[in-house]
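Order of writing sets the chain letters: A, B, C and D. Residues in each chain are counted from 1.
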Amino acid sequence: MGNTFGKTFKLTTYGESHGTAIGGILEGCPAGLTLALEAVQGELDKRRPGQSAIVTQRKEADKVVFQSGIFEGKTTGTPIGFVIENTNQKSRDYGHIKDSYRPSHADYVYDQKYGFRDYRGGGRSSARETACRVVAGAIARQFLKDITFDAYVSQVGSAILNRPHQEIDFSLTESNPVRCPDPDTAAEMESLIREVRKEGDTIGGVVSCLIRNVPVGLGEPVFDKLHAELGKAMLSINAVKGFEYGSGFAGVQMKGSEHNDRFKSDGTTETNYSGGIQGGISNGMDIYFKVAFKPVATLIQAYETIDKDGNSVEVQGKGRHDPCVVPRAVPIVEAMAALVLADFSLRARTNKLR
Amino acid sequence: MGNTFGKTFKLTTYGESHGTAIGGILEGCPAGLTLALEAVQGELDKRRPGQSAIVTQRKEADKVVFQSGIFEGKTTGTPIGFVIENTNQKSRDYGHIKDSYRPSHADYVYDQKYGFRDYRGGGRSSARETACRVVAGAIARQFLKDITFDAYVSQVGSAILNRPHQEIDFSLTESNPVRCPDPDTAAEMESLIREVRKEGDTIGGVVSCLIRNVPVGLGEPVFDKLHAELGKAMLSINAVKGFEYGSGFAGVQMKGSEHNDRFKSDGTTETNYSGGIQGGISNGMDIYFKVAFKPVATLIQAYETIDKDGNSVEVQGKGRHDPCVVPRAVPIVEAMAALVLADFSLRARTNKLR
Amino acid sequence: MGNTFGKTFKLTTYGESHGTAIGGILEGCPAGLTLALEAVQGELDKRRPGQSAIVTQRKEADKVVFQSGIFEGKTTGTPIGFVIENTNQKSRDYGHIKDSYRPSHADYVYDQKYGFRDYRGGGRSSARETACRVVAGAIARQFLKDITFDAYVSQVGSAILNRPHQEIDFSLTESNPVRCPDPDTAAEMESLIREVRKEGDTIGGVVSCLIRNVPVGLGEPVFDKLHAELGKAMLSINAVKGFEYGSGFAGVQMKGSEHNDRFKSDGTTETNYSGGIQGGISNGMDIYFKVAFKPVATLIQAYETIDKDGNSVEVQGKGRHDPCVVPRAVPIVEAMAALVLADFSLRARTNKLR
Amino acid sequence: MGNTFGKTFKLTTYGESHGTAIGGILEGCPAGLTLALEAVQGELDKRRPGQSAIVTQRKEADKVVFQSGIFEGKTTGTPIGFVIENTNQKSRDYGHIKDSYRPSHADYVYDQKYGFRDYRGGGRSSARETACRVVAGAIARQFLKDITFDAYVSQVGSAILNRPHQEIDFSLTESNPVRCPDPDTAAEMESLIREVRKEGDTIGGVVSCLIRNVPVGLGEPVFDKLHAELGKAMLSINAVKGFEYGSGFAGVQMKGSEHNDRFKSDGTTETNYSGGIQGGISNGMDIYFKVAFKPVATLIQAYETIDKDGNSVEVQGKGRHDPCVVPRAVPIVEAMAALVLADFSLRARTNKLR
């Protein structure tokens, strides 16, 4: 069914983009955590449509309402139920796609898999579902306290931020609508996005993420390696096509003698090609990874496609869509990373005898 | 705690590289499947140490013995238990690492996580564990019947096979010890591997994989997307640093108008940048992906590191190790891919009313 | 963390009795099921407080609102999110128990387990949570179509319905507030309940349940036997102390030669001491079981207990509570039984090759 | 598919009674536990066939061999793989049942569910599978250390031990082959068993179990209540028809004012009708429960039944079977109870912030 993420710190979500509401149940958050709910809403605001000129102009309030699991400001250890109403549905925007399949969307496969589909706005396959991840991820971050998560846009089309993360000033990430912490590259990215938007087209991008202050010992040997879960978490975000961590694909060209991270006497390492993870388990060094996003499939152009019977039809793309998904993906990447770390953090409590 | 892969077609493994045996339990394989057990052993032989001059010279028989779940040549629907004995353990080879931490190995993190470790040959973090995956994957392939899996080495260090998979003759993959289906590139790769081995060094590589004849509708929306599970499956293999499918990281630079795969009247698409998956669900087109492997960390060189107390020590790397892991990774990649598809194939049985 | 029931047809619930709302997510219901939502509400009404003179006089509307997973009257295969608002909370009723522990309630153990508790009305341990089970169970019944579930009150205190289920006219179950299908016994039970209520006391009871038209083959060998899951399902309902099926505890005194159910030529059996289940798997005969409920712990009497510091305190029990829980437990027992059967019904789809 | 028990302390088993071997994988046992392996074998010996004159005379060595997860006498935190060879298979004993269905056995339902079955000795439905539970349970007990488990036979047919557990001297349980701690009742039970055996018949029984020194806080609210998992654990044992804990079915007749357990100042209670569990969570008092076993279905008598085509056949029961299953069930009940407690003990580690 695939609607649950995590084994102990565990999120289950529901909701279609144009139903009554979307929502989720977060289980496993330990009791006694004082929650700053406005910080949760703050993360959600970063993901919200309509926040700047370069994202979709849909206007959704995206207010999260908590229904359980919190008492007198603290988590009780029972499941945290929450709901986000769908306020701006404009179902009529989707009449034109009711009977045809948009290219590189999930319309066709949903019809094949389930026999029919909720055709309004992508239904369950809409990226709107990620709002629930952001809510849960924001709680995970409060639970994890000292661990920091810094995601940022490092590439839009051919515009690339080529600086290593050690040299980045993350306080600048929110200083521009692209969420690239380098102002010059950000400006370049922004003008590229404006350009493709003018054409009714879209462009891909990369979100990089840095996780610091991770304790040693998170992650499980064999199948549930820390980076394997991070990879799954990222690949489960809409439009993602690739994931690499540490030396990544570039590491392929290195020799072992170069790539090995030599220990210092305190157990830290001189280099960090490993990306903070050995054998699937955190080693206390910084974890860093990259996530590739394809160009959004929804274009504001006329396009040819087929209807349910295989007839060729021409459709005029319309609606309010993102020309580039990565600026709004930044809080989602951080949220999913936090969910992974929170889950492993709880799972690590059973490693040893007490 | 991370020793199980899959939800319905489900493998659980156990075993350290230098214990008595490794083994596994495969659950969920439907009853009535006639198993060709010699084909299972055949896959295991492709992963076996000592099979060629460019892999580790350890000699392990790696014979799988089935203990349950098969009766009169057919699966019974009950769990398939199997064991592979550890015959060639040479525990003495590991005395030199008992009290020190090898760089870029899991020694340090296991000690931190569990308080102590089975230091013989990497214990549970040894790639020997993947033999069990190959056994289960070979059964999965027999279950999946028409779906074909073709993995191959597409890069070793700087030697790259640049041909699209449509132009590859997969009958050549097994014609050389590198498992690259292009003889010229294979020769180049082989000489590169021989060279780094002479230096006591290692080199990274890429395994590409093509999956064909996939029915439409495998994979689950939201968290358990088909490519997310494939990504997790691959990232859980030892030494993997990255995963991309379809257009992958290169797709980032494309525009939506280019990247969108236009439908033909039969529901197939003209291009296939999507990599056979839409919204996490197979669309019937070829699935293809790449897996990046770092250079193996074990070198046959002297190196400096620390002992348990943080003292600097010099260690002489020895033993019998792979200078490049990708040739032996080919059957593992296929096995993990088959496990993912088998699992989703069963999960898809509950999509609709009957 | 225990908020999920089922593996494939799967319910996850949230909510405290005195929070904003309770609700749940039902996953795994196959696509294409036409839902009669008024029948779902109808089941909920049978569980509702205030429905008759012999149950608690709290007035909760208990209206279920569906938020996702249903489109144009049919299930879509995506998760069904639903919410039931808490409209009649009267939190002030619980001020008197804020700092003391009610005997035979969960107050003390929650405080010990989580460090503190939502003391309003039992919080998560309130039987109000079962309303979500009834919603999901009602959907399960519509999915299961031909399988019928008939639960009824067979004992209240010493008033016992001693007739075998073959002789019962289930159309009479709803003819009286006790939900006992025998009018005479029902009258006896009702007067017993009125009596204990007058004393501010409570009394226990038994709910029996009959499941018919079950296909052969539901249930899994070994740990997830059909009756083991039924037992767990029933024991997870508030106030349950025992479960038996088929010959139950009385079967202990029988000899094998008596107890064995002899086959007829069509695979059915002459007797049915087995209770419709062999080796954990349904055999097509009627499934029947009994569930024992203790007397409700909340009394409308003064009682002595301790506060958080172990001091003795006297408390005056008040509020609106059930003198006997079994009449309102009938729809809950049916719902849980339906959830078990729906789950195994989907799981059975993977038994064989296709 | 039902071969796994537990969520964190987790046992997965495989094996048919007449295959090569049975075995299991125990995951989640924390690292650093010094294991007394001879105590594990000792528990297995209590379950072994042929141990006394009143149990089956099959002679199986039932020696457990550990293959992983233990290093230098201690658990490593990795999965513990173990195997028990099937040494005394005598497959010929089962030729007579190959084509017919034994009454009240799983033969018929396996054939229906899976299309065919391993007909030798019950295959996967054989109680032989419980040997793996005893191995894992014995490790669980060593992990749980201070918690004690005392199961004993409290009823065989009409012979009943009517003493409350407070008055029982458990050092006498192993003093007789019935495992009833009261010598007089034991003698009565033993003669009853000898009698039914002489007739080629069988008889049912009850195993009672007492668990002491349980910490407060084990068990989860809602679905995974401590007693619900205990119930499922017991009902998953072959031949079990009922489970009750605390006041059980008898509690139905009590009033709340009688049944409520009044607190003492230290949080313990004066009475213990609750059976050590409130709202699904242990309260530190003794946990006690009863498990009803039906008479074994295998008789050493001629009986009529049907073959696969529904033809009536007469079969002569033979082989070596238990006239009464409860003496050998005692270690199984303890093992399953220990698995439940070990699992909840680990799950409780995530209740609170640290």
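One rule holds for everything that comes next: contacts are C-beta pairs under 8 Å (C-beta built on N, C-alpha and C of every residue); 3 or more make two chains touch, one makes a residue touch a chain.
Model, not experiment: these values are computed from the prediction.
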- Message: Can you tell me which chain lies farthest from chain D, using the average of the Cα atoms as each chain's centre?
- Response: A
- Look at the interfaces A-D and C-D and say which one is made up of more C-beta pairs in contact. C-D
- Using mean C-alpha positions as chain centres, tell me how far chain A is from chain D in Å, no decimals. 46
- List the centre-to-centre spacing of chain A and chain C in whole Å, with centres computed as mean CA coordinates. 39
- Note on the structure: Rounded to the nearest Å, the gap between Cα centres of chain C and chain D is 26
- Multi-chain touching residues of chain C, meaning two or more other chains, are 1, 3-4, 8, 13, 28, 31-32, 77-78, 113-115, 124, 221, 350-352
- Query: Mind pulling up the chain B residues that touch chain D in the complex?
  - Reply: 1, 3-4, 8, 10, 12-16, 19-25, 27-28, 31-32, 65-69, 71, 74, 76-81, 83, 113-118, 123-124
- Query: Which part of chain C faces chain D closely enough to touch in the complex?
  - Reply: 1-5, 13, 101, 103-106, 108-110, 112-115, 124-125, 129, 155, 157-158, 196, 199, 201-206, 216-217, 220-225, 227-229, 231-233, 235-236, 238, 241-249, 251-267, 269, 273-275, 278-283, 290, 292-299, 301, 303-306, 310-312, 347-348, 350-352
- Query: For the complex, which residues does chain D have touching chain A?
  - Reply: 8, 28, 30-33, 77-78, 221, 346, 349-354
